[in-house]
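This report refers to the structure that appears directly beneath it.
In this document, chain identifiers A, B, C and D correspond to the written order of the chains, with residue numbering beginning at 1 in each.
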Amino acid sequence: MEVFINLLVNGVSTGLLIFLLAAGLTLIFGLMSVLNFAHGGLFVWGAFSGAWIYKETNSFLLAIVGAIVIGMALGWVLERFLIRPVYGNHVRQLLITLGGMLVLSESIKIFWGPNPIRVNLPGWLEGSYQFDGIIIIKYRVFVIVVGLLLYLALWLLLSRTQIGLMIRAGVMDKEMVQALGINVKGLFTFVFLLGAALAALGGALLAPYSGVVFAEMGMQYAILAFIVVIIGGMGSLQGSALASLIVGVAGAFMAYYIPDLSLALNMLLLAIVLLVKPTGLMGEKGSAV
Amino acid sequence: MRGLFHKVPLYWGLAIMLFMLLFPFVNDSRSMLILLTQIFIFAIFAMSFDILLGYTGIVSFGHCMFFGIGAYSTAIIFNHLEATLLNFMIGLAIGIILSALVSYIIGSLSLRLKSHFYAMLTLAVSQLFLVLAEKWRGLTHGGDGFTFSVPDVFKDRTSFYYITLISVAVVFILLKLFTESSTGKVLKAISQNEYRAEALGYKSLHYKLIASVTAGVAASFSGALYAVSLRFINTNVFSIEVTLDALLMTMIGGLGTLAGAIAGAGIIEFLRHYLSELAMTYPIFERWTIILGFLYIVVLLVFPSGLAGFIKRINLKNKRKMKKKGELQRVA
Amino acid sequence: MENILETKDLSVSFGEHDVIKDVNLEIERGKLISIIGPNGAGKTTLFNLLSGQITSTKGEIYFKNENVTKLSVPLRARRGIGRSFQLTNIFPELTVLENIRLAIQSSSKDYYSIFPRLSALSRQQDEAKAYMKKCMLNGKEHVLAQDLAHGEKRKLELAMLLALKTELLLLDEPTAGISIEEIPAILEVIENIKKDGMYTIVLIEHKMEMVMHLSDILVVLFNGELLASGNPQEIIKDQRVQTAYLGGLHRESIKTG
Amino acid sequence: MSLLKLDNLETYLGQYHILQGVSMSVEEGSITVLFGRNGAGKTTTLRSIMGFNPSTTGSVHYNNQRISGISTHLISRKGIGYVPENQGIFSALTVEETLNLAKAKSKGETEEKMEWMLELFPDLKKFWRKKSGLLSGGQKQMLAIARAYINGDGLLLIDEPSKGLSPIMVEKLMESILKMKEKTTILLVEQNFLMASEIGDYFYIMDDGKIVHKGLMQDLKEDKATCQKYLGIA
């Protein structure tokens, strides 16, 4: 029982971190059908800059804010210089964002060296809660709370605000949104920066959680996020949330019981979804085939 | 054979081949031979990628897996059995069969999906192979890798140089014939207008499968040669950088030309060689991957059709100029 | 003369809206039939039904006495139903010859061959040249399709249809988007094909002079129904056809529906 | 005074030369109908005005301001509402959300416009919280028109509103469009001659990317020869 609860908490918190990364990917894809391979690069930049700022200033809050700011700045550069020139050309988008990914993760090594760096938990989040033999690590609870709050905030943004309305309409018919006097390019930049901020935040939260960060982490998590986005259905926020939790929880259990197969598990999930419902759990736009 | 090779490129090809055949007599610098051997091996790899991206329009981000399968199959055979040519053939055959199988399975699962999905799926599967190679230590010795001995004919730099040179030439001719065959034309047609190709009665999935199996097999061959050239292997052969090399080489040389892939392999390998030499004095160049990354982005943004496209454009301009001149003269 | 194509009560509806209603057509081999009717009458939909792009909700299609109602586009193409589109659909980066060869390959058996067989190549070459001649594309063998003039692209498309061993050619506005100077050449190609006697052509066309000049039979479609068919000269004088074109039959259909 | 003026527009779609020198003007407070067969270039004309398919040469002036060459959202903000051929319905948004979105970048009396539209199309009020994708074809067309009017009341571009609708529905729509003339100017693309000729003031006829005829609708109705040449059969 203790093991079960611990694994569940682990899984949910990992799942929510993946969700932060996947949310941006799926929103960007839904609005502009741009598949941004470089998204994982923003995540790993968030992780490193968060860890670095925390070490320098000893303020966790500042670390998170700094990571988000840096992530957004890089996101702006990506959008402006890599993605805008290749709008509408899927193959070139794929190719160029992969290049962006490479440059982002390699430049990590220039700033912080090629070796993994250690990250410590902030003091007030160290330790754990204990109930009858069940040990729950504080930081994981913190991640779960933050993740849920962000999901709620995103949901409110999309369903209750005017800009959310514009985004939802844009996903369905970009041209018509323009014809209503709304600047779709501006809207896209907004969504892109939002996605970058979420990815960087995800990275910054992950760093103390895993205790060590390394440049290749970006690609690893990007693949996880892609799997989640496909399983959930391209362009669907709820789908991504659900799939993140599935992947996170299933991964946690797998890592405990059959550790060698944990990545294979995700591939298996992916293969099943692609075979049975290529549009994903909650995808309806028919982005597949 | 008219139409298969236009005359001028044929002469050029023969001249370059002749030069390469004579090269070891002119210059026996060991490092130069090694560099050229490396270029030949990667030229095969890049050509195999060109079949996918350039001729069929399939974006695969996991091409390294076939390279790695070929490399590991040969390496593991040599690790367990004697270093004979026969065993090389066995290792090669295993690699090729495995690659054909893997590419067939992945292809039939996902080639009917949109390009995004295929790109992602191949990336994910190739990472799976990376993990597999790291975890299956009994066979692969994990990330540390292992060394092995190879037949003597491969050990001698000059003879290995010729083996790889002839391999490039043979693979080039085979792939050229393939792209000029009826199947090759259908591939080209699919990359331009898939819907229309279907309407002509071609089942595009079958043709894409043929392309991806062909590419997988050729990549596996280059991987085997690569392993032999190093006499050492580790999980790096499954890394995303290997796929990126293929991308970079074909993009720089120009898609859909095969010769462009060879030229691209030459450019990238030379560049890498000199950059790593520079790194001895300027440590910043240790991170030459980032330079290649920037180069790749610049090529994509500024010369989307690569070196070959650039040359074609200049030729076209000249032709148009000549034509104009002719017209003017006629008017005069 | 036998009928190459017959439709029986062919109907299709999108939602509650009937786009084609109980169309019964009988098309004789070797004839040129023009389908006319005001916009929205269902002409293109009828074409889509015949070529297999969409499937009917009711009724059957017989091609050479075989029921093809349920067959897919490629299968119908194999049997000899071919269609040109309103926008030209060729492979821009292949040469004219290669484009036609692709079509020949598709209709011949050796289409999975991985290495070129020289004998097959030269046979295909000759065959392709014959089609090029029929479609007046002589001398353009090695021109990339993208460098052709607009009208020539249309001709190439027709040549590819013939190369597919198409017996029933469905031509959707073959002169649309083509400059006035190039139209006579296209007309000549269509007449060339018709003269052969092997091909049956169904045409959707708005240019009435052309329709009157080419057609053996005129079919008028209105609101998805077959309003009239027969000799062009007589059809054109039909009062119902005249009003249909101005949208005038709407009121009547309100009464009946 | 002419509210909208197109001067010698030439537009290409890919390699196709669709508009080959289109000049026309729309008088303030009128309904102008653009006729022509399929593929004549009517839809492209509207799309060129909206900036979706900008013309390579020529100009569009609205309210004596040049609007060709600026991006679509800025053109829209000048007060031009657009109803596309496929209606452009945001199927997952409710009627309420759709109309609220239309207000987002609109100036002036949006509440008043909204009220009038709901009065004109009471169905919209009835299905206020329904997803627009679930509306009937006619209701979707009403929603598209209401959205365009609320978004920009200076000029409405309406592309074939009768397409795919039952004759009764078409008649109802045309009546509503005629009523809307009280407060706005309308450029209507239509195939249904009898319907459109009853509500239109002026007409243009396009063929092969050119304007081949124009004038008062009254005159066209009597000009059987022109009617037959361009709209009917020879």
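Definition applied: contacts are C-beta pairs under 8 Å (C-beta built on N, C-alpha and C of every residue); 3 or more make two chains touch, one makes a residue touch a chain.
Since the model is a prediction, treat every value here as computed from it, not as a measurement.
Participant: Please tell me whether A-B or B-C has the greater number of C-beta pairs in contact.
Facilitator: Higher contact count goes to A-B.
Participant: Give, as an integer number of Å, the spacing between the C-alpha centres of chain B and chain A.
Facilitator: Centre separation, chain A to chain B: 33 Å.
Participant: Chain B to chain C: how many Å between their CA centres?
Facilitator: The computed centroid separation for chain B versus chain C comes out at 44 Å.
Participant: If you average the CA atoms of chain B and of chain D, how many Å lie between those two points?
Facilitator: Comparing mean C-alpha positions, chain D is 54 Å from chain B.
Participant: How many angstrom lie between the centres of chain A and chain C, each centre taken as the mean Cα position?
Facilitator: Taking the average C-alpha coordinate of chain A and of chain C, the gap between them is 51 Å.
Participant: Residues of chain A that touch two or more other chains: which are they?
Facilitator: Residues of chain A touching two or more partner chains: there are none.
Participant: Is the chain-to-chain touch network here best called a line, a ring, a star, complete, or other?
Facilitator: Its topology is that of a ring.
Participant: What chain-chain pairs meet the touch criterion?
Facilitator: Listed by label, chains in contact pair as A-B, A-D, B-C, C-D.
Participant: Within the complex, which stretch of chain D touches chain C?
Facilitator: Touching chain C from chain D are residues 15-18, 37-39, 137, 163-164, 166-168, 170, 191-195, 227-228, 231-234.
Participant: Give the list of chain B residues in touch with chain A in this complex.
Facilitator: Contacts found on chain B: 57, 59, 61, 109-110, 112-117, 119-121, 123-125, 127-128, 131, 135, 240, 244, 247, 251, 284, 287, 289-290, 293-294, 296-297, 300-301, 304.
Participant: Which stretch or stretches of chain D touch chain A in the complex?
Facilitator: Residue list for chain D touching chain A: 50, 52, 71-74, 76-77, 82, 84, 88-93, 97-98, 100-102, 104-106, 147-148, 151-152.
Participant: Touching chain B in the complex: which residues of chain A?
Facilitator: Touch list, chain A to chain B: 35, 37, 82, 85-86, 90-92, 94-96, 98-100, 102-103, 106-107, 109-110, 219-220, 223, 226-227, 230, 234, 260, 263-264, 266-267, 270-271, 274-275, 278, 287-289.
Participant: Going by the contact rule at the top, pick out the chain C residues touching chain B in the complex.
Facilitator: Residues 73-74, 77-78, 83, 89-94, 98, 101-103, 105-107, 110-116, 120, 160, 164 of chain C touch chain B in their complex.
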